[in-house]
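You will see chain A twice below: alongside chain B first, and alongside chain C after that.
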Partner chain A sequence: MKSSSSEAVMPSSLSSRASASLADSSSQLAQTAHKPRRNDMAWRWLFRAGVSILVLWVLVPIALLMLNSVSTPEQITGWPKTLTPALSFETLDFFWHYQGVISALGNSLLAAVFTMVIAIVLGAPAGYALARFVFPGMNAYRMIIILSRAFPMPLLALPLAVIFIQVGIDDSILGLAMVHATLALPFAVLITSSLFMGIPVELEEAAWLMGCNRWQAFRRVVLPLAAPGITASAVFAFVISWNEVFASAILTVENRTLTAFLVQSLSESPAEIKYAGGLILVVPALLFLFAIRKYLFSMWGISNR
Partner chain B sequence: MSAIQISAVSKQFGKQEILKSIDLEIRDKEFTVLLGPSGCGKSTLLRIIAGLEYESSGSIRIGEREITSLAPRDRRIAMVFQNYAVFPHMTVAENIAFGLRVRKDSEAHIQRKVKETAALMHIEDRLDHYSGQLSGGQRQRVAVARALATEPEVLLMDEPLSNLDALLRLEMRAELKTILAASDTTTIYVTHDQVEAMSLADRIAVMKGGQIEQYAPPSEIYHYPATEFVGSFIGNPPMNFIPPDARWNHPTRSEQSSQQVHKCGIRPEDFEVRFEPTENFAPVRVLVSELLGSHKQLTARFGDEMIRVNVPSDLEVGNGGDIHIRPLAEKVRFYDHSGHLMSA
Partner chain C sequence: MRKMPTALALLALLGTTSALADITFFSTQARPLEEAQQMREIALAPYAEAINYMPQETGTFLSRLEAEKTSPDGALDLLGGLHGELGSLTPSILTPLNDLQGSLADTGISKQYMTLGKLGGDQQRYIPWMQATYIMAANRKALPYLPEGADLNALSYDELLAWGRNMQEATGSPKLGFPAGRKGLIHRFLEGYLYPSFTHSVVREFRSDDAVAMWQKFREIWAVTNPRSTAYGFMQEPLLNGEVWVAFDHTARLKDAFNKQPDQYVAFPAPAGPSGRGYMPVVAGLAVPANATNPDASRRLIRYLMTPEAQIRTLRATNFFPVVEAELPDDLPASIRMSGKAVAAQSSADDAVLSLLPSGLGQQSGLFNKIYRDAFVQIVLRDADIEETLDILAPRLQTLINTSGAGCWLPDPPSDGPCPVK
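On to the complex of A and B.
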C-alpha cells in the first residue's frame, strides 16, 4: 500500500510504469486476500515434482552424453564430475575417422530416406482414404494399423532375414528400408489421416464445382494445406528408421547402418568412444523430433491449431 | 437458357428415404428457396443438383442439358457453402480467380473479372488479404464473389447467412437480393429461416420429410398454405387450425361442402375482436397477453383449442380477460381430413 500511494504523486512521464506496478501490487493484494487451501498447494507441488522427475529422466542422460562426448578420457573416468568440461573434441574427431563410420552413416541415411519415401507414398493415400471415405471394415482397418505396432520386431526380423536371402535382397539397404517402413507406416497413416480430417471437405467440393477433377482439387487445395504435416510425418518416418537397431543388426552384415555398426563395434570400445557415437546418433533424431513436435501432438488429438 | 427441371429425383440411404420423388421446375433467372425444418432433405436435394451426391433415381436438366450423370465440374454450377469454404492458402484475389484459372481464361480477362466482382461485393480493398485476416461477413462476400466470377448458369447457396450474426445477416440479405437480381443468375437457396425465404424468394418450395409440400410465391405460401404443415411452419406465430364454428356462419361455404371441412386455417392477424357478446362472434378467454411493439399477441382458449390472435397494441386486454372474436370471412382457409387446402 505504501508503494502505491507514493507512486500516485509521480510525474506523468513515469505514469505508465507506475500504473504497471500499481496493477502488480493490487494483484498481489488479491492473491494474499484469497488464501489457497493447503490441499491445493500440496497437489500443485506434487504435480511440479512429478513433471520435474519426468523431465529430468529424459534430459539428464542426454546432458551426460553431451558433456562426456566433449570431455577428455581422464575427465570421464575421473571424479568429481564437472559441468564445464575441457571441451576436447579429440574423441569426436577420433570417432569420425574410425574405420567404417562414414559408410555406416551413409547407409543409415539411405535407409531412412527409403523408409520415408515408402511410408509417405503408401501412408498418405491410406490416410486420405480413412479421412474422406466411409467404407466397410474401416474401423477394423484402423485397428489393425494400430495393432501392427504391437508386433514384436524379433518375430518379424528373423523370418524376414530368411525370406530376404531367398529373394536375394539380404544385406541390402532397400530390404532394410522395407522392414523399417512397416514400423513407420502406421504412424504415417494415422498422422496424415488426422491431417486430412482437419481440412474441410467443402474446400475440395468448392474446387470440384469450379472445374477441378479430383486430382486437381487435391493438388491445388488439399496438398498445399497438408504439406507441412506431410513433411512432418515424413521426418518422423526418417527418425524411426534412423533409430532402429534390432532389424538393422540382423538384416545387414556388410552394409551396416550406424546403429547396427555402433552396437557391434562399440561394445569393446573405450567409454569415450561410446559417448561420441551416442551423441552422433541422438542429435539428428532429437532435432528432427523437436521440429515436428506440433504434428506429432495432433496425431493424438492434442492439437494446438 | 438455364431453367432447371428436376424430375422424379429420389434418394435412399440404406432403408431410409431421404427424398421421395421430387419434381421441381425452376424458371430461367428465378430465385427459388428450398425451405424446411432440419432433416427435410433440402440440403441433400441441393447437393444432388451440384453433383456432390448421387440421386437413387430421377433426372435433372439445366436448360437443354441433361446433367444427371455429369461430374460437378462439368455442370456449370457455382455454390456458396455454409462455412464459406474460402481457400485459406490463397489471397482473396486468388480465391476469386480460382475457377477462371482452372478453365484457363486469359489473364487479362481474369484480372478484369476479379476487379469487377470484388467491386460488386465491396471487397476491392481486401484483395491481398488471406481469409484468416477477414471477418465472417467478408469471407461470405469472397465466397459469393468467387461464385459469381465464373458466370455460372446456376448458383446454389446452402444456408449462406446462418453463420453470420443477426445484424450482419439482415444487411447481407438485402445486399444479396439486389446483387443476385442484377446478375440474372438462376439461384437455388437453401435455408430453414422462413423470414429469409420470404424476403429473398421468387418462389418458395416448402419441404417436409423428403417431399415438397408447396411450391409457390411467398405471398401465396403465406395466404394460401397448401397443407396444414405449411401453415404452421410459415408465419410467426403460426396459422391457427381450429374446427369450423357454426357461429361464424361463413357465407362462402355451401352446406354440403362444409361437411367435409376438417379444420379452418386462420392467420392470427385475421380476427375481428369485440368486448361485448355480438352476433356471429365466439367468446374466448385470453390466457396470455404479450405486447410485441407493433401489435399485441394474445394466446387464448377457444373450446378445447389454443389459438393466437394479434390485436392492435393499444387494445386494453389483460391476462384472464374475455373477448369475442370472428375471423375475417375472406381470410379463412379450409382444410380436409388429410390436411390439404380445399379449393374455395
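On to the complex of A and C.
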C-alpha cells in the first residue's frame, strides 16, 4: 500500500488525517471495481454541491459588497437589481478623501500587528507549558484563561479607560493592543497548547539525544512543526483586534482604529455608503489572510504552493 | 519573515503621522459619514483654529466622559449632544457656562431652551446649539389615496388611518411606516405626538381613559402599517426603496429621501388628535467638560458656532435648524426647504400643542423613554390588555420621576414637586 510508505516521512500530527483520507480514497477505488458506479456518482455530486454551498456562502456576500460599492445610489435602492454595476467610484472616492481614514487604517494595522505579537509571545509559551508539563493548579489555570473572555467588553471598557488615563497609556495604540491581546490570548493559549500536544515529545527527546539543548530542540524540531498552527492563532489575534469596536472607541480619541472610526457612523449612513465602507473594512483583512494563506493551508494538510 | 521589521517600522511611521488637532469637538450629532464630512467642510472650516470633529455613538460618548471625569486634563474640549444625552451625565462633569448667557442674550435664543440647558439646576450646563423636530413624509404615489376631504397640512389621526387602509387595499401591502426599530425614535412619537394629541399631557394622563382610547387608535393604525417598521431606524431608507409611502420621523432622518428625489416626496405636519396637534422640538446643546485643558478656546468656539452665519452653515451640514435668529438664504438644499415648510406649518397650526423634551429627569431619561417603548411593545406589538399594561407601567413612571424630582413640563401644567401620574 502506498499510504504506509508515505506515513513514515510525514510528521505524525498530520499523518493520521492524511492516512485516513488516503485510506478513504483507496477503499473508494476498491469499491468502484466491484459495485455499480451510480452510488459513487451520487456521493460525488453531493460532495460538489456541499463544497459549492460553502464557497458561495463566503463569496456571495463579498461579491455583493463589491458590486454595490461601485454602483450608483439609484441602482442600490432601485428594483430590479442588476449584476452589472454602473462602475461609479463616487462613494469609494468619498472614503478616500474622508478626513482621517488613512491614519485610522494605519492605526488599525498597527494595533492588529501589536496584538498578534503580544498574543503569540505570551500565548505560545503558556500553551507549551500546558501541553508538556503537569503542574499543580493546571486545570484552574486553564479555566482562568477562558474566564478572561467571560466579561463583555462594554463592561470592561469604562474601568479600563479610567486606569489607562491614570497610567498615561490612554489614547495610544500600544495600550489598545494590550486590551485586544487580552481578548486574543485565551485562543492563542488553547490553540497552541493543543498544537504542542499533537507534536510527540519523543521527537524532542530524540533531538536532546542528538545533542540539542532544550531551546535548540524547540527551535529546530518543534517550532517548524508548530509554525502553521502558531500562524493560525496569530491570524485569529489579528482578526480579533481588527474587528473590535467598543474598546477602541472608548480607549482612543485621536488615534482611532478604522473599525472604531467607521463602524459607528456607517450604521447610520445611506446604503451606498454602508456598502463602500463595508468593503473598505473587509479588504485589508482579506489581503492579510491571502498573504499568509500558505501557512494556514499547510496546517490543514493541503500542500502548500 | 525578513520583511517583518521593515513592515513594522513602516506601520509605526504610519501610526504617528495622525496630526494632533487643537480643539477636539466630541459630538453625538452629525454622525452619518456624509454629515460629519459636511460638518467639517462647511460648518467648521471657516473657523480660525484647527478643530478635530469626532462624531460618537451615545454609548461611547457617555462612557468616555464618565471615564475622563477623574482625570485632571481631559482629552476633549467641546461636547455636542442632545438635551437628553447631556442631561444623563453627572452635572459636575460640565463646566458652568453662565458667563456666556450675557453675550448670547440678544441673539434670540428662546428662554425655554436656555432653561433646558440648566438641566434642572441653577447653572447653565449647556448652550442650546441647534434644533430639529419630527414631521411626516409621503411619496407622491400615496397622494391619490388620501381620504376624501382630507387636507395634507391639517391631517387627523383618523384620516391617517383611513389613508393607510386605502393604500393597503389598493396596493395589497401596508404602506405606512414608523421608526420602531432598535435605532428608531418611536418613543418620541409617543411622548411628543401621540400622547399630547390625544390627552394634552405626557405624564399626568399616562393611564387616563383618553390614553386608553389613544392606544386603541394606534393599534388600528398599526394594523395598516408595514410590519417591517419594527426594524426601521431611519425612515429615509424604506421611503427611498418604496417599501413605505407615508412615514413619520426626525427631519434629519428623512433628509436623504428629500435630497435624492425632491420631486417624489412631500413633507407635511404630523396629524392631530382630539386634543390638538402635538409636536416636539428637539434641542442639541454645546457643553464644555470641567477638565478641558483650554476652556477659553472652547468658549471661543461656542461663540463662533452661535453666530447666525455658522448656524446657517450647521443647518446645511446637519439639517438642524438655528436656535438664534438668522435669515435663511434661498439656496438651501431641497430637504431643508421642504422640511422647513412642514415644520413651520406644524408649529404655527391653530391646534398645535407644544410638547417639550422631558426635562429634569437627568440620568433617568433613558428609563423614561423605555417606559413608553415598553407600553408600545406590550400593547401594540404583543396585543396585551391596554389598561392592565398602563396600570403596571404607571407606578414605575411615578417612581422614576420621584427619584429625579422632575416637575411637569409642557404640555402638562406645572406641578409643585415631582410631576404626578394620575
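Note that in this section the second predicted complex is superposed on the first by the 211 of 305 C-alpha atoms of A that agree within 3 Å, B and C clash if a C-alpha of one lies under 4 Å from a C-alpha of the other, contacts with A are read in each partner's own complex, and residues count from 1 in each chain.
Heads up, the rule we're going with is that contacts are C-beta pairs under 8 Å (C-beta built on N, C-alpha and C of every residue); 3 or more make two chains touch, one makes a residue touch a chain.
Small disclaimer: the values here were computed from a predicted structure and weren't measured.
> Do chain B and chain C fit side by side on chain A in the superposed arrangement, or is it a clash?
Fit - chain B and chain C, as placed by superposing on chain A, sit side by side.
> Could you figure out whether chain B or chain C reaches more residues of chain A?
C
> Applying the document's definition of touch, where does A:224 land relative to chain B and chain C: first, second, both, or neither?
First partner only.
> In the superposed arrangement, does A:211 touch chain B (first), chain C (second), both or neither?
first
> Once the shared chain is lined up, is A:250 touching chain B (first), chain C (second), both, or neither of them?
In the superposed model, A:250 contacts chain C only, not chain B.
> Who does A:62 touch here: chain B (first), chain C (second), both, or neither?
After superposing on A, A:62 lies clear of both chain B and chain C.
> Once chain A of both complexes is superposed, is A:283 in touch with chain B (first), chain C (second), both, or neither?
A:283: touches no partner chain.
> Contact-wise, after the overlay, does A:202 reach chain B, chain C, both or neither (first, second, both, neither)?
first
> Between chain B and chain C, report the minimum C-alpha distance in the superposition, expressed in whole angstrom.
Nearest C-alpha pair, chain B versus chain C: 18 Å apart.
> Can you list the residues of chain A that meet both chain B and chain C?
none
> Which of the residues in chain C come into contact with chain A in the complex?
Within the complex, chain C contacts chain A at residues 7-8, 11-12, 14-15, 17-21, 24, 26, 31-34, 36-37, 40, 52, 54-57, 59-60, 63-64, 66-68, 70-71, 75-76, 183, 233-234, 236-237, 240-242, 256, 260.
> Touching chain B in the complex: which residues of chain A?
Counting only chain A, the residues touching chain B are 200, 202-203, 205-213, 216, 220-221, 224-225.
> Chain C touches which residues of chain A in the complex?
Residue list for chain A touching chain C: 73, 77-79, 94, 98-100, 103-107, 109-110, 113, 154, 157-158, 161-162, 165-166, 170-171, 173, 246, 249-250, 253-255, 262, 264-271, 273, 277.
> Can you name the residues of chain B that touch chain A in the complex?
Residues 50-52, 71-73, 75, 77-79, 81, 83, 85, 87-89, 98-99, 102-103, 146, 150.
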